[in-house]
C-alpha cells in the first residue's frame, strides 16, 4: 500500500471550506460566460456546495460573501445549510464594488467613506453572530493606478486605524484574517500587497488577527512555502485561499498549474504544525471556474488537496532530517520526490469506499444527474455572479 | 532652446490614433466604475475623440471596434467624424464576447465556429470598405485555461488556415495586423502569445500582413525596444498599441509606468525607420481609463508620446555612434540619458502656440467646459463599455 | 502494469546527450565550490559521463565545449570515448571568455573581433570534422548592460552576416543550432533573447540551421511547451538544453523545479513528432551541479527525463482528442493529469533489469565505489570548471 | 530656476556611501573582465573612492567588506582614508565564500559552522570598534537549491538564534542591518528573501537591528517605494543599497534601468522622514561595473542619486495633497511627473561651482588624468575582485 494507515487517519479530519461564489458565474474583464444550472440565490449556491461535500466528505463548510450572499435571515440560511450537511463558514467582506470605493475604502482619504467601509465590516460581524462564523476575512482591493494618485504612507496609517475599529468589534471567539494580494484591481500600488504588510498590520491588532495566504497572490517566482513556514513560525498564519496560477491571479483549480508547488506548500504546513486537529489554520478554496463546470471543478479541487496532502504526509521525515544533516542534497531531494511521485489515488479510492463514499467522486457526481436536474430546474431569474 | 527646429519639423506630421473604446467605461473583473458624461453611442465616442485632436492636433483618426461601434451606416459615421475633424481608422474585430467563442474562435475545433469568426472578419472588411479604413486589427483572445484543454499544435494550424481565408478577402490597400498578447483572458496557453508567433503567422500570409505590438502584452522584464528593432528589421512591424503597465496588461496611460522605456521604444522606432512620412507603422493608443477622466486621459497620453518622441529625436546620433564604436559605455549611455532628461515641455508649449494650439492642452480642455457639458447633456441611455 | 509495452518500446531508443562541463566545477559569481574527484581533463570528464550511460543506457554521447575541452588530437579523444561506450556529440563554441569579447563577438562593431569569433567557429567546425559531430551549437552571450551602449539594430545585422559566414563553412551533414537566452551575462539587451529572434536568424540561413531551446532561458511565466509546439510546426526545433529553474537561468536538475512543466514539454515534443527515430531533435542536458554531486546529479537528470517521457507517452491521446472536441475541460485536463500522476518508477525499474541495467541506477552508482575512487585518484592538477 | 534654494539647502548634507568593492573587478559566472588601473589593495580602493568624493562632495565614506578589505591595522586604514577626505563606514560581513558555508552559515545545521559564522561577525564588530563604523551589514547568501535540501523552518529558527548572538555583541552606538534578497546564489529558497522576513527577524532582536533594502533584490514587478514607505512607518528602515536592474540582481548603476522608479523611491524616503539630518537611514551604493569604467561609474551613480533627490524634493506636496484629497487622479499624477521631468542639471551644475566643485564631475574626472595615472602605476600584483 502506498498510503499508510497513519496518513489515512490524519486525512480523516481534513476539511476544506468552499466559497459560495465559486458556484456562480465568473470570468475576466472581457467576458463572463454563463452556464445552464448556475445558482440564482445563496441557497442554490449552498445546495451546490453541499454536493461537493456529499461526494467527498471533504468540504463541510461554505464561506459566504456579503453582499453577494445577502439574505434576510442568516439563521435560516444556516439551518438550510445544515439540512444539507454543511455549515456556514468564513464571512467575506466586500469593499470594492460600491461607487464610493473608487479611490479606496478602509484607506480612503475621506473619513465618511472609511466609516462606510468600517460599518460594512460591522454588518459582516453581525452576520457572523447569526451564522456562528468564526472568521471575518478582509480582502482589501484598495490601491492606486498612478504614482501620486494616493499617499501610500497615509493610506497605510488609515488602514491601521480602520482595522483597529473593526477588530474591536469582534467577539471573543472571532478572528479577523487579512488577505494580501500583489496587484489587481489596482495597478500601481496595492495597500496590502504582501505578507509582510498583512503581518505588520495584524500584529498591531492582537492575537485574533491573522494573515490569509491566497496562493495566487504573489509576484512571479515567489517561494510560497517559505512564507507558509515563516507565518507558522510567527504564529500568524490564519487561513489559506487555495487556487493556482500560471501568470497573475488566474484563480485556476488548486494544483492545476504547479502540482509540485502545492505539494511543497502542504509539506511546510504539516512541518510547521499547521495541519491537524490542533491547528487553527483554516483551509479554503478561492477559485473561478470560468470555462469548466463549477461543481465538478470544486470536487476536483478538494480531491487535489486531499491527494497532495496524502503525498505530503508520506514524506519520510526521519530519513529527510538525516539526509539534511548529512548535506546529502540529492538524497534529501529524492526523499521529497519519492513522496511526490507516489500515486496515492488507488489507496485513497479504496479508503473512500471503506467510508461509504464513492471511489471516484468525479464520476459519481457525473452519474448522479444533479447537473442535468439543476440545468432543467433553474430557469429564469438572474444567475449569480460577482456583480450580484 | 532644448528642442531643435528639425525635431519640431519632424513632430509636425505625428499622428496617434485613438481607440473609440477608451471613451467608454472600462474596469476590472471586480468592478467597472461609471462616470458622468460617458458616451452612449459611437457618435458620442467620436465626438470625445475629436476633442483630443482639437486640443493637440495629434490624433486625426479614431479606431473603431466591431460590434462595439456597430452602426447602420458607416459612411455616415465617417462623415460625422470628418465634420469633427477626424477620420475613422483601424477596424478592430471581436471574437471573444460571443458565447460560441468560449473555447476559441479562429482556432476553434469546430469548423462552424471558425467560419463564424471568419465571417465576422469579413464583416469587418466590409466596414473597412465603407469607412476607407486600411487596417484590420486582429487581437485573438483564443487560448485555454488548463493543460490538455486544447491541442496547442492543432489550434495553431487552424489559426493559420483561418487567417489565410481572412487575408484573401482583403483589398489591395488593406492590411491585416495580428496582435500578440502574453496572457489574459486565457490563463494557461494563448494562441498568439508572442511576437515570434505573430511574425510566423503573418509571414505565411503575405506582404500585407503585419505584426501589432501592444506595449503591455509581454512577459515581465521583456526588452520591448529590442522587439521593435527586430520587427522593423524584418519589415513586419505594422502597428503599435500604446499603453503602460506595472504588472500584467494594466492598460494604463502610455508613459505613466516607465517613461524611460517609452523613450527607448521611440528611439528604436526612429532608429529603424519606423517614424516619419515614409513609414507605414501605425501608432495607436489602447488604454483603459478605469479611475481617471477619459478625455483628459487621452490628451495626456498623446502628449506623453509627443514629448517622448521629441526627446528620442533629440539623441545626438553621431556622437552616440562614435561612443558605441569606441566602447565608451558611460559616454554612450550618457548621450541617451541627456536626451531623456531634457525638459522639452517649454519648447513644445511655445511651438503649439505658434501653430494656433493651446500651450497646455490639459488646462485648455479643462477650461473649455466640454466635460461639464457632456455630463449635463448625456442623461439616460446606456453608457458605452466593453459589453455594448 | 502502469507503463505499456508500446511505451517501453518507444523508450528503448531514447538518448540524452550529456554536457562535458556538467562534470566540472560550476557556481555563481559569488563562489564556485570545488569537490573531491572533479575531473581535471576532457578525458576525465568523458570518463565520468560514461558512468552515467553505464548505469542508465540513456546517455550515449557527450557534448564538448571549445576551448574547455581543447585537446591536441580530437580523433584520439573520440576513440577514448568510444572505448568507454560513448561518442562525442555536439560541439559548443565559446565567444564570451576572451577579453576581446567584452563588447560582443559575432555582433561586435569591430570587424576584426567579429572575424576572430567567426574563426573560432571555423575551428569548432574543424573539431566537428575530426569528431564526427553533427551539431555546432552557438550560444551567444553578446549583449549590452546599458541603453545606448550598443546599436541593437546594427548588432542584429552584423549577427546575421557572421552567422552566414559560419553556416557556409558547415559540411552537408552538419547543422548549426542557435540558442536563445532571455538575459545574462548581459543585463540590458541580449542579441538573441527569444525564440523569435533565433527563428528569424536561422530561417535566413537555410535548412540546416535550427533553434536550440534551453528550458531555463525564458521570461517568468513563459509557456515553454507552446514554443516547442510552434518550433516543431515550423520545422525549426533543432535541440533542447534541459535544466530547470525557479528564478533566472538557475541551471538546476531537469524536472527538479517544475516536474509538471517537463511533462507538458515532453508531451508537446511527442505530439509534434519530435520524439522517436524519425525525429532530428537532439536532446541534451545543460545544468550546473553547484552544490550536489555531479555524476549522480546527471544520473538523476536522465532518469527524470526518461520517467517523464514514459508519463507523456502514456497520455490517452484518443480519449484526449475526444474530450477536446467535446469541450470537456475537466475531462481533457483529467486525462493529462492521469498520465502525469501515474507512478512509472516500478515498471521502469523492472524494465531496466530486464535489459541488464540496475533497477535503481542511483543506488547502483553509489554502491559502485567510483566516486570514492576518483576522489582518491584525482589528486593534484587543476579541477575543470568554466574558466579552464 | 528649476531647483529651489530650499532644495539646494537640503541637498547640502546628502551623503552616499561607496562600497570599496565597486572599484575592484566584478562580473558574472561566465567571465570577469579586468581593467588597467584596478586596485590591488584596500588602500587603493579607498584612494579611488576618495576621487568620487573629491569631484562630487557626495560620498564622504566608504563601506568595507571583510575579508576582501582585511588589513593588519584598521585604525591605520581609517587614518589613510581620512587623509584622503573620507571615512570608513559600514562593515560588511562575508559568509558565502568559505567552503564551510556550502550549505549555509548562520542557518547551518551544524553548530560548529554556525559558530564559525558568528565568530566572523564578532571579528567584523572588532573591526567596527577600530574603524568607528556604526553599521554591521549582514547579507546572508544562505539558502538551498532543491526542495528538501534543507529544513526551511529549522533554518529560520537557527538564524534567529545566530543573529541574537551577534546582536548581543554590538556596542551601544552600533547597529545591525539585515539585507534581504529574492534569490541568488541560492536557487530554490533563500533564508532572508523578502522585507517581511528581515523585518520579523530584526524586530525580534531589538531597536538597533534594522532592515537593509537593496533596490535590486526583489521579485519582478515589486513596488519598492511601497516597501520604503512601510519600513519607514514601522521605524525599521536602516539602510539602502542602491543599484538598478532590468532582470535579476543585475547590479547596474543606480537610476540606469528605471529612473522613474528611483524618483518614486526617493519621494517616499522624503515623505516618510527618511531624508535629512534627523534621519538615521544610511544610503549606500552596491553595484558592479562589469563593463564600464569604475570610478566614473561611481561618480555617475552618486550624481544620479543627487539629481533624482533634487527632483523628488521639488514635488509640490501641498498641491499634491490637495489633488489626492480631491480624487483628481490626473492632477495628482501630473504633479509628480512635473517634478520628475524637470531638468535639474543646469541648476545643480551652477550650485556645484558655487561650492568650489566642478560643474560636470564626469568631465572633470576624465580631465584629471587620474585614470591614466593609476593605469600606469598599478602594474603587477593581483587586481582586487570578489575572490580576494
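Annotations for the structure displayed:
To keep things simple, chains are lettered A, B, C and D as they appear, and every chain counts its residues starting from 1.
What we mean here is this: contacts are C-beta pairs under 8 Å (C-beta built on N, C-alpha and C of every residue); 3 or more make two chains touch, one makes a residue touch a chain.
Predicted model only: the values in this text are computed from it and were never measured.
Set side by side, B-D and A-D show the greater C-beta contact count at A-D. Counting the residue numbers that touch the partner chain, chain B and chain C have more than half of them in common. Chain geometry summary: the mean Cα position of chain A and that of chain D are 39 Å apart. In chain A, 102-103, 145-147, 149, 182-183, 188, 220-221, 223, 246-247, 256-257, 260, 291-292, 329-330, 333-334 are the positions where the chain touches two or more neighbouring chains simultaneously.
Those residues of chain B that touch chain C in the shared complex are 102-103, 109-110, 145-153, 156-157, 182-183, 188-190, 193-197, 199-200, 218-223, 225-227, 229-230, 232-234, 260, 264, 268, 271-272, 320-321, 323-325, 327, 329-330, 332-337. Residue ranges on chain B touching chain D, taken from their complex, read 2, 220-221, 223, 246-247, 256, 258-261, 291-293, 296-297, 300, 307, 329-330, 333-334, 340-343, 345, 362. Residue ranges on chain D touching chain C, taken from their complex, read 26-34, 96-97, 99, 102-103, 141, 144-147, 149, 182-185, 187-188, 220, 245-248, 250, 252-253, 256-257, 290-292, 386.
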